[in-house]
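Paired with chain B in one complex and with chain C in the other, chain A is shared by the two complexes that follow.
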Partner chain A sequence: MSSNSPVNPRARFNVGDRVRVKELPNLFYSRTQMFVRGVHGTIAARTYEDVVPEDEAWDRQDAVPEQYYIVRFRQKDLWEEYPFDKDTLQTEFPDRWLDPVNN
Partner chain B sequence: MHDDPSHDHADDHDHGHPHEHPAAPMVEEITDFEVLEIAVRELAIEKGLFTAEDHRRFTEWAEQIGPAGGSRLVAKAWSDPAFKQRVLDDAVAACREIGIDWSEPTGSGTPSDYMNLRVLEDTPTLHHVIVCTLCSCYPRPLLGHSPYWYRSPNYRRRLVRWPRQVLTEFGLSLSSEIEIRVEDSNQKCRFMVMPVRPAGTEGWSEAQLAEIVTRDCMIGVALPRPGRTADDALPVHEARRPVQEHAP
Partner chain C sequence: MPSRSDLRSYYAEGAQLAPVVHQHTDWPYEVSHTRYTAFTIPPHDVGGQADGPVRYEEKEEEQWELNTYVTCEVLGWRGVWNSEERRRLGNNDLGQSLYYGFPYYGRWIWAAARMLVDKKHVSLTELLEKIAEVKARNVQQ
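== the complex of A and B ==
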(Lines of atoms letter the chains of each structure in order from A and count residues from 1; the text may use other names and numbers.)
(Lines give C-alpha, C1' and ligand atoms only; values in the text may rest on other atoms or scores of the structure.)
Protein backbone atom coordinates (compact mmCIF):
# COMPACT_ATOMS: atom_id res chain seq x y z
CA MET A 1 0.00 0.00 0.00
CA SER A 2 1.52 3.30 -1.06
CA SER A 3 1.19 5.81 1.71
CA ASN A 4 2.33 8.55 -0.64
CA SER A 5 -0.47 7.99 -3.13
CA PRO A 6 -2.85 10.93 -3.19
CA VAL A 7 -5.75 8.59 -3.92
CA ASN A 8 -5.24 6.76 -0.60
CA PRO A 9 -7.86 8.42 1.55
CA ARG A 10 -6.03 7.59 4.75
CA ALA A 11 -2.63 9.21 4.03
CA ARG A 12 -3.22 12.40 2.10
CA PHE A 13 -0.51 14.75 3.36
CA ASN A 14 3.23 15.26 3.08
CA VAL A 15 5.69 17.28 5.08
CA GLY A 16 5.25 20.97 4.32
CA ASP A 17 1.57 20.75 3.33
CA ARG A 18 -0.70 23.41 4.78
CA VAL A 19 -3.66 21.90 6.64
CA ARG A 20 -6.60 22.98 8.73
CA VAL A 21 -7.81 21.02 11.75
CA LYS A 22 -11.40 19.98 11.20
CA GLU A 23 -14.18 20.74 13.60
CA LEU A 24 -15.66 17.29 13.94
CA PRO A 25 -18.13 16.25 16.60
CA ASN A 26 -16.84 13.66 19.00
CA LEU A 27 -18.64 11.77 21.71
CA PHE A 28 -16.96 10.94 25.05
CA TYR A 29 -13.39 10.71 23.82
CA SER A 30 -10.95 12.45 21.51
CA ARG A 31 -7.31 13.36 21.54
CA THR A 32 -7.82 16.36 19.30
CA GLN A 33 -7.85 19.26 21.69
CA MET A 34 -10.33 22.09 21.36
CA PHE A 35 -7.62 24.72 21.15
CA VAL A 36 -6.44 23.50 17.73
CA ARG A 37 -9.79 22.97 16.06
CA GLY A 38 -10.32 25.16 13.02
CA VAL A 39 -6.71 26.37 13.07
CA HIS A 40 -4.30 26.29 10.12
CA GLY A 41 -0.93 24.59 10.45
CA THR A 42 1.83 22.89 8.51
CA ILE A 43 2.67 19.19 8.39
CA ALA A 44 5.98 18.86 10.25
CA ALA A 45 6.33 15.07 10.12
CA ARG A 46 4.66 11.84 9.12
CA THR A 47 4.88 9.54 12.10
CA TYR A 48 3.14 6.14 11.87
CA GLU A 49 -0.07 4.41 10.85
CA ASP A 50 -2.57 3.44 13.49
CA VAL A 51 -6.29 3.35 14.20
CA VAL A 52 -7.82 6.60 15.37
CA PRO A 53 -8.09 7.03 19.16
CA GLU A 54 -11.84 7.56 18.95
CA ASP A 55 -12.12 3.98 17.62
CA GLU A 56 -9.36 2.48 19.74
CA ALA A 57 -11.03 3.75 22.89
CA TRP A 58 -14.08 1.65 22.06
CA ASP A 59 -12.04 -1.41 21.02
CA ARG A 60 -13.38 -1.26 17.47
CA GLN A 61 -11.94 -4.41 15.90
CA ASP A 62 -12.95 -3.29 12.41
CA ALA A 63 -11.15 0.06 12.58
CA VAL A 64 -8.83 0.82 9.63
CA PRO A 65 -5.44 2.43 10.36
CA GLU A 66 -4.68 5.96 9.16
CA GLN A 67 -1.52 7.96 8.70
CA TYR A 68 -0.63 10.17 11.68
CA TYR A 69 1.08 13.52 11.38
CA ILE A 70 2.73 16.07 13.60
CA VAL A 71 1.35 19.49 12.69
CA ARG A 72 3.10 22.75 13.56
CA PHE A 73 1.10 25.85 14.43
CA ARG A 74 2.10 29.44 15.02
CA GLN A 75 1.20 30.30 18.61
CA LYS A 76 -0.19 33.59 17.30
CA ASP A 77 -2.71 31.56 15.24
CA LEU A 78 -3.75 29.52 18.29
CA TRP A 79 -4.12 32.26 20.87
CA GLU A 80 -5.55 35.67 20.14
CA GLU A 81 -3.43 37.52 22.68
CA TYR A 82 -0.14 35.68 22.08
CA PRO A 83 2.55 38.36 21.73
CA PHE A 84 5.62 36.54 20.37
CA ASP A 85 5.92 36.10 16.61
CA LYS A 86 8.36 33.24 16.45
CA ASP A 87 6.83 30.76 18.88
CA THR A 88 5.19 27.56 17.67
CA LEU A 89 3.34 24.55 19.00
CA GLN A 90 3.25 21.03 17.60
CA THR A 91 0.76 18.28 18.20
CA GLU A 92 -0.28 15.09 16.47
CA PHE A 93 -3.33 14.07 14.41
CA PRO A 94 -4.64 11.13 12.41
CA ASP A 95 -5.42 11.85 8.77
CA ARG A 96 -9.16 12.29 9.15
CA TRP A 97 -8.83 15.27 11.46
CA LEU A 98 -7.10 17.37 8.80
CA ASP A 99 -8.29 19.17 5.66
CA PRO A 100 -6.00 20.48 2.92
CA VAL A 101 -5.56 24.24 2.63
CA ASN A 102 -4.58 25.88 -0.62
CA ASN A 103 -2.70 29.00 0.46
CA MET B 1 13.10 -2.76 68.30
CA HIS B 2 11.78 0.13 70.30
CA ASP B 3 11.69 3.79 69.54
CA ASP B 4 11.45 4.73 73.17
CA PRO B 5 15.00 5.46 74.38
CA SER B 6 14.08 4.57 77.97
CA HIS B 7 13.89 0.95 76.87
CA ASP B 8 17.44 -0.04 77.39
CA HIS B 9 17.65 -3.78 77.08
CA ALA B 10 19.45 -6.36 75.08
CA ASP B 11 18.34 -8.20 71.95
CA ASP B 12 16.48 -10.82 73.93
CA HIS B 13 12.95 -9.58 74.41
CA ASP B 14 12.35 -11.66 77.51
CA HIS B 15 12.08 -9.34 80.47
CA GLY B 16 9.69 -8.37 83.22
CA HIS B 17 7.23 -5.91 81.75
CA PRO B 18 4.94 -6.80 78.85
CA HIS B 19 4.72 -4.29 76.02
CA GLU B 20 1.59 -3.28 74.27
CA HIS B 21 2.04 -3.17 70.53
CA PRO B 22 -1.38 -2.47 69.14
CA ALA B 23 -1.73 -3.35 65.50
CA ALA B 24 -1.29 -0.21 63.41
CA PRO B 25 -0.41 0.57 59.81
CA MET B 26 3.13 1.71 59.13
CA VAL B 27 1.87 4.92 57.56
CA GLU B 28 -0.52 7.41 59.05
CA GLU B 29 -2.88 7.55 56.12
CA ILE B 30 -3.67 5.22 53.30
CA THR B 31 -5.52 6.56 50.33
CA ASP B 32 -8.55 5.02 48.68
CA PHE B 33 -6.41 4.40 45.60
CA GLU B 34 -3.86 2.41 47.58
CA VAL B 35 -6.64 0.26 49.02
CA LEU B 36 -8.01 -0.21 45.51
CA GLU B 37 -4.60 -1.19 44.15
CA ILE B 38 -4.10 -3.80 46.84
CA ALA B 39 -7.58 -5.24 46.27
CA VAL B 40 -7.20 -5.41 42.47
CA ARG B 41 -3.69 -6.84 42.70
CA GLU B 42 -4.71 -9.56 45.15
CA LEU B 43 -7.72 -10.43 43.05
CA ALA B 44 -5.61 -10.62 39.89
CA ILE B 45 -3.12 -12.91 41.60
CA GLU B 46 -5.94 -15.07 42.92
CA LYS B 47 -7.40 -15.31 39.42
CA GLY B 48 -4.03 -16.23 37.95
CA LEU B 49 -3.62 -13.15 35.73
CA PHE B 50 -0.09 -12.80 37.03
CA THR B 51 1.88 -14.09 39.96
CA ALA B 52 3.09 -12.22 42.99
CA GLU B 53 6.61 -12.83 41.65
CA ASP B 54 5.68 -11.15 38.34
CA HIS B 55 4.35 -8.19 40.26
CA ARG B 56 7.43 -7.95 42.45
CA ARG B 57 9.73 -7.98 39.42
CA PHE B 58 7.70 -5.32 37.63
CA THR B 59 7.52 -3.15 40.75
CA GLU B 60 11.28 -3.35 41.22
CA TRP B 61 11.80 -2.26 37.63
CA ALA B 62 9.28 0.57 37.92
CA GLU B 63 10.83 1.83 41.14
CA GLN B 64 14.36 2.00 39.76
CA ILE B 65 13.83 3.76 36.45
CA GLY B 66 15.15 7.28 36.22
CA PRO B 67 16.59 9.76 33.74
CA ALA B 68 20.06 8.17 33.52
CA GLY B 69 19.32 6.62 30.12
CA GLY B 70 18.27 9.94 28.65
CA SER B 71 21.36 11.67 30.06
CA ARG B 72 23.62 9.04 28.51
CA LEU B 73 21.84 9.35 25.17
CA VAL B 74 22.33 13.11 25.04
CA ALA B 75 25.94 12.90 26.24
CA LYS B 76 26.77 10.35 23.56
CA ALA B 77 24.99 12.42 20.89
CA TRP B 78 26.99 15.48 21.91
CA SER B 79 30.22 13.49 21.69
CA ASP B 80 29.54 11.56 18.48
CA PRO B 81 27.92 13.40 15.53
CA ALA B 82 27.15 10.16 13.70
CA PHE B 83 25.31 8.82 16.74
CA LYS B 84 23.48 12.13 17.05
CA GLN B 85 22.22 11.72 13.50
CA ARG B 86 21.08 8.18 14.26
CA VAL B 87 19.17 9.52 17.28
CA LEU B 88 17.39 12.05 15.09
CA ASP B 89 16.68 9.53 12.31
CA ASP B 90 15.47 6.61 14.46
CA ALA B 91 15.47 7.29 18.16
CA VAL B 92 14.18 3.86 19.20
CA ALA B 93 17.04 2.13 17.35
CA ALA B 94 19.56 4.56 18.87
CA CYS B 95 18.22 3.75 22.35
CA ARG B 96 19.03 0.09 21.77
CA GLU B 97 22.67 1.10 21.23
CA ILE B 98 22.74 2.41 24.80
CA GLY B 99 20.93 -0.57 26.24
CA ILE B 100 17.35 0.66 26.35
CA ASP B 101 14.83 -1.42 24.45
CA TRP B 102 11.48 0.32 24.00
CA SER B 103 9.86 -2.91 22.90
CA GLU B 104 10.66 -4.64 26.20
CA PRO B 105 11.32 -1.85 28.68
CA THR B 106 10.46 -3.89 31.71
CA GLY B 107 12.31 -7.05 30.86
CA SER B 108 9.06 -8.70 31.82
CA GLY B 109 7.99 -9.41 28.27
CA THR B 110 5.42 -6.63 28.06
CA PRO B 111 5.97 -4.62 24.89
CA SER B 112 5.24 -0.96 25.10
CA ASP B 113 2.43 0.49 22.99
CA TYR B 114 4.49 3.56 22.55
CA MET B 115 7.29 2.77 20.14
CA ASN B 116 7.43 6.15 18.48
CA LEU B 117 10.11 8.13 20.22
CA ARG B 118 11.20 11.41 18.68
CA VAL B 119 14.13 13.37 20.08
CA LEU B 120 13.71 17.11 19.63
CA GLU B 121 16.97 18.84 18.80
CA ASP B 122 17.39 22.32 20.23
CA THR B 123 19.48 24.88 18.34
CA PRO B 124 20.69 28.32 19.38
CA THR B 125 17.46 29.74 17.87
CA LEU B 126 14.99 26.94 18.73
CA HIS B 127 14.04 25.72 22.19
CA HIS B 128 11.65 22.81 22.72
CA VAL B 129 9.54 22.09 25.77
CA ILE B 130 7.30 19.06 26.19
CA VAL B 131 3.87 18.60 27.76
CA CYS B 132 0.95 16.21 27.58
CA THR B 133 -2.19 18.30 27.87
CA LEU B 134 -4.44 15.25 27.84
CA CYS B 135 -2.78 13.34 30.65
CA SER B 136 0.92 12.98 31.43
CA CYS B 137 2.54 11.00 28.61
CA TYR B 138 6.26 10.80 29.20
CA PRO B 139 9.21 8.83 27.72
CA ARG B 140 9.52 6.55 30.75
CA PRO B 141 12.00 4.02 29.34
CA LEU B 142 14.47 6.93 28.97
CA LEU B 143 13.52 9.35 31.70
CA GLY B 144 11.82 7.21 34.34
CA HIS B 145 8.82 8.67 36.11
CA SER B 146 7.57 12.15 35.49
CA PRO B 147 7.85 14.76 38.22
CA TYR B 148 4.61 15.63 40.01
CA TRP B 149 4.45 19.10 38.46
CA TYR B 150 4.51 17.64 34.93
CA ARG B 151 1.26 15.82 35.72
CA SER B 152 -0.45 18.82 37.27
CA PRO B 153 -3.27 20.69 35.52
CA ASN B 154 -1.31 23.86 36.35
CA TYR B 155 1.52 22.85 34.02
CA ARG B 156 -0.54 21.03 31.43
CA ARG B 157 -3.09 23.79 30.90
CA ARG B 158 -0.73 26.72 31.06
CA LEU B 159 2.37 25.62 29.18
CA VAL B 160 0.65 25.47 25.78
CA ARG B 161 -0.69 29.01 26.03
CA TRP B 162 1.79 30.85 28.24
CA PRO B 163 5.03 28.93 27.73
CA ARG B 164 7.34 31.85 28.43
CA GLN B 165 5.61 32.68 31.69
CA VAL B 166 5.67 29.05 32.85
CA LEU B 167 9.34 28.67 31.91
CA THR B 168 10.13 31.82 33.86
CA GLU B 169 8.59 30.14 36.89
CA PHE B 170 11.20 27.43 36.44
CA GLY B 171 13.87 30.10 36.30
CA LEU B 172 14.28 29.96 32.52
CA SER B 173 13.94 33.21 30.57
CA LEU B 174 14.64 33.09 26.87
CA SER B 175 15.00 35.93 24.41
CA SER B 176 12.04 36.57 22.11
CA GLU B 177 14.49 36.02 19.25
CA ILE B 178 14.53 32.34 20.17
CA GLU B 179 11.59 30.29 18.91
CA ILE B 180 9.96 28.37 21.73
CA ARG B 181 8.26 25.29 20.36
CA VAL B 182 5.84 23.48 22.65
CA GLU B 183 5.41 19.81 21.82
CA ASP B 184 2.09 18.41 23.03
CA SER B 185 2.41 14.62 23.10
CA ASN B 186 -1.27 13.89 22.57
CA GLN B 187 -0.96 10.64 20.61
CA LYS B 188 1.51 7.75 20.59
CA CYS B 189 4.70 9.64 19.90
CA ARG B 190 6.88 10.18 22.93
CA PHE B 191 9.36 13.03 23.04
CA MET B 192 12.58 14.05 24.71
CA VAL B 193 14.58 17.25 24.29
CA MET B 194 18.21 17.17 23.18
CA PRO B 195 19.51 20.49 24.53
CA VAL B 196 22.31 22.50 22.95
CA ARG B 197 25.68 21.48 24.35
CA PRO B 198 26.72 24.38 26.59
CA ALA B 199 29.99 26.28 26.38
CA GLY B 200 32.66 25.31 28.86
CA THR B 201 32.33 21.56 28.24
CA GLU B 202 35.04 21.21 25.62
CA GLY B 203 36.99 17.97 25.98
CA TRP B 204 34.58 16.52 28.55
CA SER B 205 34.01 12.79 28.74
CA GLU B 206 30.54 11.35 28.13
CA ALA B 207 30.21 10.69 31.86
CA GLN B 208 30.96 14.32 32.68
CA LEU B 209 28.50 15.49 30.06
CA ALA B 210 25.78 13.11 31.26
CA GLU B 211 26.07 14.60 34.77
CA ILE B 212 24.81 17.99 33.62
CA VAL B 213 21.99 16.63 31.43
CA THR B 214 19.31 16.47 34.07
CA ARG B 215 15.68 15.44 33.78
CA ASP B 216 14.42 19.02 33.60
CA CYS B 217 16.80 19.72 30.69
CA MET B 218 15.29 16.82 28.75
CA ILE B 219 11.74 18.04 29.37
CA GLY B 220 12.78 21.53 28.32
CA VAL B 221 12.23 23.56 31.48
CA ALA B 222 15.95 23.98 32.22
CA LEU B 223 19.19 24.42 30.29
CA PRO B 224 22.29 22.35 31.02
CA ARG B 225 25.43 24.14 32.14
CA PRO B 226 28.73 23.19 33.77
CA GLY B 227 28.30 22.75 37.50
CA ARG B 228 24.56 22.17 37.37
CA THR B 229 24.23 18.48 38.22
CA ALA B 230 20.81 18.47 39.86
CA ASP B 231 17.41 19.93 39.07
CA ASP B 232 16.26 22.76 41.30
CA ALA B 233 14.06 21.68 44.15
CA LEU B 234 10.64 23.24 43.89
CA PRO B 235 8.96 24.41 47.09
CA VAL B 236 6.06 22.35 48.37
CA HIS B 237 3.19 24.56 49.46
CA GLU B 238 1.21 23.31 52.41
CA ALA B 239 -2.52 22.80 51.90
CA ARG B 240 -4.64 25.69 53.07
CA ARG B 241 -7.37 23.26 54.07
CA PRO B 242 -5.57 20.04 54.95
CA VAL B 243 -7.37 16.76 55.52
CA GLN B 244 -8.74 16.80 59.04
CA GLU B 245 -7.89 14.03 61.45
CA HIS B 246 -10.95 12.03 62.31
CA ALA B 247 -11.42 10.54 65.78
CA PRO B 248 -11.31 6.72 65.63
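== the complex of A and C ==
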Protein backbone atom coordinates (compact mmCIF):
# COMPACT_ATOMS: atom_id res chain seq x y z
CA MET A 1 0.00 0.00 0.00
CA SER A 2 2.93 2.36 0.60
CA SER A 3 3.38 3.04 -3.13
CA ASN A 4 -0.23 4.19 -3.44
CA SER A 5 -1.63 7.62 -2.91
CA PRO A 6 -5.24 8.78 -3.23
CA VAL A 7 -4.46 11.10 -6.16
CA ASN A 8 -2.58 8.43 -8.11
CA PRO A 9 -4.30 5.09 -7.67
CA ARG A 10 -2.85 1.99 -9.26
CA ALA A 11 -4.09 2.03 -12.86
CA ARG A 12 -1.40 0.45 -14.99
CA PHE A 13 -3.45 -1.11 -17.78
CA ASN A 14 -5.48 -0.06 -20.81
CA VAL A 15 -8.08 -1.80 -22.96
CA GLY A 16 -6.38 -4.44 -25.12
CA ASP A 17 -3.39 -4.97 -22.80
CA ARG A 18 -2.40 -8.58 -22.16
CA VAL A 19 -2.27 -9.49 -18.47
CA ARG A 20 -1.74 -12.51 -16.25
CA VAL A 21 -3.63 -13.02 -13.00
CA LYS A 22 -1.35 -13.21 -9.96
CA GLU A 23 -0.94 -16.51 -8.17
CA LEU A 24 -1.25 -15.53 -4.53
CA PRO A 25 -2.14 -18.06 -1.84
CA ASN A 26 -5.70 -18.30 -0.55
CA LEU A 27 -6.28 -17.44 3.07
CA PHE A 28 -9.45 -16.23 4.78
CA TYR A 29 -11.02 -14.40 1.84
CA SER A 30 -10.76 -13.73 -1.87
CA ARG A 31 -12.83 -12.61 -4.85
CA THR A 32 -10.21 -13.92 -7.30
CA GLN A 33 -11.36 -17.32 -8.50
CA MET A 34 -8.90 -20.20 -8.34
CA PHE A 35 -9.47 -21.09 -11.99
CA VAL A 36 -8.18 -17.74 -13.35
CA ARG A 37 -4.97 -17.60 -11.32
CA GLY A 38 -1.88 -17.70 -13.51
CA VAL A 39 -4.00 -17.50 -16.68
CA HIS A 40 -3.39 -14.92 -19.43
CA GLY A 41 -6.21 -12.64 -20.54
CA THR A 42 -6.95 -9.30 -22.20
CA ILE A 43 -8.23 -6.09 -20.61
CA ALA A 44 -11.77 -5.67 -22.00
CA ALA A 45 -12.70 -2.53 -20.03
CA ARG A 46 -11.54 -0.18 -17.33
CA THR A 47 -14.46 -0.02 -14.95
CA TYR A 48 -14.17 2.05 -11.75
CA GLU A 49 -11.89 2.76 -8.81
CA ASP A 50 -12.57 1.06 -5.52
CA VAL A 51 -10.76 -0.46 -2.57
CA VAL A 52 -9.78 -4.12 -2.94
CA PRO A 53 -11.97 -6.87 -1.41
CA GLU A 54 -9.11 -7.94 0.88
CA ASP A 55 -9.32 -4.52 2.57
CA GLU A 56 -13.05 -3.83 2.28
CA ALA A 57 -13.90 -7.23 3.79
CA TRP A 58 -12.38 -5.99 7.08
CA ASP A 59 -13.65 -2.43 6.60
CA ARG A 60 -10.11 -1.02 6.60
CA GLN A 61 -10.46 2.73 6.82
CA ASP A 62 -6.90 3.25 5.52
CA ALA A 63 -7.58 1.39 2.24
CA VAL A 64 -6.82 3.32 -0.94
CA PRO A 65 -9.02 2.83 -4.03
CA GLU A 66 -7.44 1.45 -7.18
CA GLN A 67 -8.53 0.79 -10.75
CA TYR A 68 -10.72 -2.22 -11.54
CA TYR A 69 -10.77 -3.93 -14.94
CA ILE A 70 -12.89 -6.48 -16.77
CA VAL A 71 -10.53 -9.12 -18.13
CA ARG A 72 -11.48 -11.44 -20.99
CA PHE A 73 -10.18 -15.01 -21.07
CA ARG A 74 -10.47 -17.70 -23.74
CA GLN A 75 -12.55 -20.51 -22.27
CA LYS A 76 -10.02 -22.93 -23.72
CA ASP A 77 -7.27 -21.25 -21.67
CA LEU A 78 -9.34 -21.82 -18.52
CA TRP A 79 -10.62 -25.34 -19.24
CA GLU A 80 -8.51 -27.48 -21.55
CA GLU A 81 -11.44 -29.72 -22.46
CA TYR A 82 -13.72 -26.79 -23.38
CA PRO A 83 -15.15 -27.58 -26.84
CA PHE A 84 -15.53 -24.16 -28.53
CA ASP A 85 -12.50 -22.14 -29.64
CA LYS A 86 -14.10 -18.71 -29.79
CA ASP A 87 -15.97 -18.66 -26.47
CA THR A 88 -14.69 -16.28 -23.82
CA LEU A 89 -15.33 -15.56 -20.16
CA GLN A 90 -15.06 -12.14 -18.52
CA THR A 91 -14.46 -11.42 -14.88
CA GLU A 92 -13.25 -8.47 -12.87
CA PHE A 93 -10.09 -7.64 -10.92
CA PRO A 94 -8.46 -4.74 -9.14
CA ASP A 95 -5.08 -3.62 -10.52
CA ARG A 96 -2.93 -5.42 -7.94
CA TRP A 97 -4.20 -8.87 -8.96
CA LEU A 98 -2.81 -8.44 -12.50
CA ASP A 99 0.71 -8.59 -13.93
CA PRO A 100 1.66 -7.21 -17.34
CA VAL A 101 2.43 -9.68 -20.13
CA ASN A 102 4.81 -8.58 -22.86
CA ASN A 103 4.24 -10.15 -26.25
CA MET B 1 -31.60 -28.62 29.00
CA PRO B 2 -31.93 -30.99 26.07
CA SER B 3 -32.92 -34.54 26.93
CA ARG B 4 -30.08 -37.07 26.77
CA SER B 5 -31.61 -38.60 23.66
CA ASP B 6 -31.91 -35.15 21.99
CA LEU B 7 -28.28 -34.52 22.89
CA ARG B 8 -27.28 -37.81 21.32
CA SER B 9 -29.17 -36.96 18.13
CA TYR B 10 -27.48 -33.52 17.93
CA TYR B 11 -24.06 -35.19 18.16
CA ALA B 12 -25.02 -37.83 15.62
CA GLU B 13 -26.34 -35.22 13.19
CA GLY B 14 -23.26 -33.02 13.78
CA ALA B 15 -20.94 -35.90 12.93
CA GLN B 16 -22.81 -36.24 9.63
CA LEU B 17 -22.04 -32.58 8.86
CA ALA B 18 -18.26 -32.87 9.25
CA PRO B 19 -16.40 -32.05 6.03
CA VAL B 20 -16.10 -35.32 4.17
CA VAL B 21 -12.74 -36.35 2.76
CA HIS B 22 -13.74 -40.00 2.59
CA GLN B 23 -10.94 -40.93 5.01
CA HIS B 24 -11.11 -40.61 8.73
CA THR B 25 -9.22 -37.45 9.71
CA ASP B 26 -8.87 -35.89 13.13
CA TRP B 27 -6.11 -33.32 13.80
CA PRO B 28 -3.59 -35.04 11.47
CA TYR B 29 0.12 -34.34 11.93
CA GLU B 30 0.61 -33.90 8.21
CA VAL B 31 -1.60 -32.30 5.59
CA SER B 32 -0.66 -32.69 1.94
CA HIS B 33 -0.19 -29.61 -0.21
CA THR B 34 -3.25 -30.52 -2.28
CA ARG B 35 -5.43 -30.91 0.78
CA TYR B 36 -4.12 -27.70 2.34
CA THR B 37 -4.93 -25.83 -0.87
CA ALA B 38 -8.39 -27.39 -0.99
CA PHE B 39 -9.00 -26.46 2.66
CA THR B 40 -8.00 -22.83 2.10
CA ILE B 41 -10.18 -22.20 -0.96
CA PRO B 42 -12.79 -19.69 0.21
CA PRO B 43 -16.10 -21.61 0.39
CA HIS B 44 -17.83 -19.24 -2.05
CA ASP B 45 -15.27 -19.88 -4.83
CA VAL B 46 -17.27 -22.77 -6.27
CA GLY B 47 -16.72 -22.09 -9.98
CA GLY B 48 -15.14 -25.09 -11.66
CA GLN B 49 -16.01 -27.55 -8.93
CA ALA B 50 -17.81 -30.72 -9.95
CA ASP B 51 -21.53 -30.81 -9.18
CA GLY B 52 -24.65 -32.67 -10.19
CA PRO B 53 -27.81 -31.31 -11.80
CA VAL B 54 -29.79 -28.91 -9.61
CA ARG B 55 -33.59 -28.84 -9.59
CA TYR B 56 -34.92 -25.42 -10.57
CA GLU B 57 -37.69 -24.13 -8.35
CA GLU B 58 -39.74 -20.95 -8.33
CA LYS B 59 -40.15 -19.89 -4.72
CA GLU B 60 -41.53 -16.74 -3.15
CA GLU B 61 -39.66 -15.20 -0.24
CA GLU B 62 -41.04 -16.09 3.16
CA GLN B 63 -41.65 -13.43 5.79
CA TRP B 64 -38.52 -14.32 7.79
CA GLU B 65 -36.47 -14.03 4.62
CA LEU B 66 -37.83 -10.56 3.87
CA ASN B 67 -37.22 -9.53 7.49
CA THR B 68 -33.66 -10.80 7.23
CA TYR B 69 -33.11 -8.93 3.97
CA VAL B 70 -34.38 -5.64 5.41
CA THR B 71 -32.40 -6.05 8.64
CA CYS B 72 -29.17 -6.64 6.74
CA GLU B 73 -29.77 -3.75 4.34
CA VAL B 74 -30.58 -1.34 7.17
CA LEU B 75 -27.37 -2.35 8.94
CA GLY B 76 -25.62 -1.49 5.66
CA TRP B 77 -27.36 1.87 5.20
CA ARG B 78 -26.46 2.80 8.76
CA GLY B 79 -22.81 2.02 8.06
CA VAL B 80 -22.58 -0.85 10.51
CA TRP B 81 -21.16 -3.14 7.81
CA ASN B 82 -20.34 -2.99 4.10
CA SER B 83 -21.17 -5.44 1.33
CA GLU B 84 -17.75 -7.08 1.30
CA GLU B 85 -17.89 -7.74 5.05
CA ARG B 86 -21.26 -9.36 4.43
CA ARG B 87 -19.79 -11.65 1.77
CA ARG B 88 -16.81 -12.53 3.93
CA LEU B 89 -18.98 -13.44 6.90
CA GLY B 90 -21.95 -15.05 5.17
CA ASN B 91 -20.13 -16.84 2.34
CA ASN B 92 -16.77 -17.68 3.91
CA ASP B 93 -16.36 -17.31 7.64
CA LEU B 94 -19.26 -19.62 8.41
CA GLY B 95 -17.32 -22.53 6.89
CA GLN B 96 -18.17 -25.10 4.25
CA SER B 97 -20.68 -27.14 6.25
CA LEU B 98 -22.89 -24.13 6.95
CA TYR B 99 -22.26 -22.64 3.51
CA TYR B 100 -23.79 -25.72 1.92
CA GLY B 101 -26.14 -26.60 4.75
CA PHE B 102 -28.00 -23.36 5.55
CA PRO B 103 -30.70 -21.71 3.43
CA TYR B 104 -29.54 -18.56 1.61
CA TYR B 105 -31.10 -16.11 4.05
CA GLY B 106 -30.06 -18.33 6.95
CA ARG B 107 -26.50 -17.43 5.98
CA TRP B 108 -27.41 -13.75 5.87
CA ILE B 109 -28.84 -13.67 9.38
CA TRP B 110 -25.95 -15.79 10.69
CA ALA B 111 -23.59 -13.18 9.22
CA ALA B 112 -25.49 -10.24 10.73
CA ALA B 113 -25.50 -11.82 14.18
CA ARG B 114 -21.82 -12.71 13.95
CA MET B 115 -20.94 -9.18 12.90
CA LEU B 116 -22.91 -7.59 15.75
CA VAL B 117 -21.01 -9.77 18.23
CA ASP B 118 -17.63 -9.25 16.49
CA LYS B 119 -18.09 -5.48 16.54
CA LYS B 120 -19.30 -5.57 20.14
CA HIS B 121 -22.75 -4.12 19.41
CA VAL B 122 -24.21 -7.04 21.34
CA SER B 123 -22.54 -9.55 23.61
CA LEU B 124 -22.84 -13.23 22.82
CA THR B 125 -24.67 -13.85 26.11
CA GLU B 126 -27.15 -11.09 25.27
CA LEU B 127 -27.77 -12.68 21.87
CA LEU B 128 -28.16 -16.20 23.27
CA GLU B 129 -30.56 -15.05 25.98
CA LYS B 130 -32.66 -13.19 23.41
CA ILE B 131 -32.82 -16.23 21.13
CA ALA B 132 -33.83 -18.40 24.09
CA GLU B 133 -36.49 -15.86 25.13
CA VAL B 134 -38.01 -15.69 21.63
CA LYS B 135 -37.89 -19.46 21.30
CA ALA B 136 -39.72 -19.89 24.62
CA ARG B 137 -42.35 -17.33 23.56
CA ASN B 138 -43.00 -19.24 20.34
CA VAL B 139 -43.30 -22.55 22.14
CA GLN B 140 -45.98 -21.06 24.41
CA GLN B 141 -48.13 -19.89 21.48
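What we mean here is this: the second predicted complex is superposed on the first by the 93 of 103 C-alpha atoms of A that agree within 3 Å, B and C clash if a C-alpha of one lies under 4 Å from a C-alpha of the other, contacts with A are read in each partner's own complex, and residues count from 1 in each chain.
By our rule, contacts are C-beta pairs under 8 Å (C-beta built on N, C-alpha and C of every residue); 3 or more make two chains touch, one makes a residue touch a chain.
Just so you know, these numbers come straight off a predicted model, no measurement behind them.
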Touch test for A:F84: chain B only (first), chain C only (second), both, or neither? first
Touching A:P53 in the superposition: chain B (first), chain C (second), both, neither? both
Is A:I70 touching anything from chain B or chain C once the two structures are fitted on A? First, second, both or neither. first
For A:F28, select first, second, both or neither according to whether it touches chain B, chain C, the two together, or no partner. second
Between chain B and chain C, which one contacts more residues of chain A in the superposed model? B
Contacts of chain A common to chain B and chain C in the A-superposed view 31, 33, 35, 53, 79
Quick check: in the complex, which residue numbers of chain A touch chain B? 31-33, 35, 45, 47-48, 50, 53, 68, 70, 72, 75, 78-79, 82, 84-94
The chain B residues in contact with chain A across the complex are 116, 118, 133-134, 160-161, 163-164, 176-189
Interfacial residue positions of chain A with respect to chain C in the complex: 25-31, 33-35, 53, 56-59, 79
Could you list, by residue number, the parts of chain C that touch chain A in their complex? 37, 40-42, 45, 47-48, 81-85, 87-88, 92
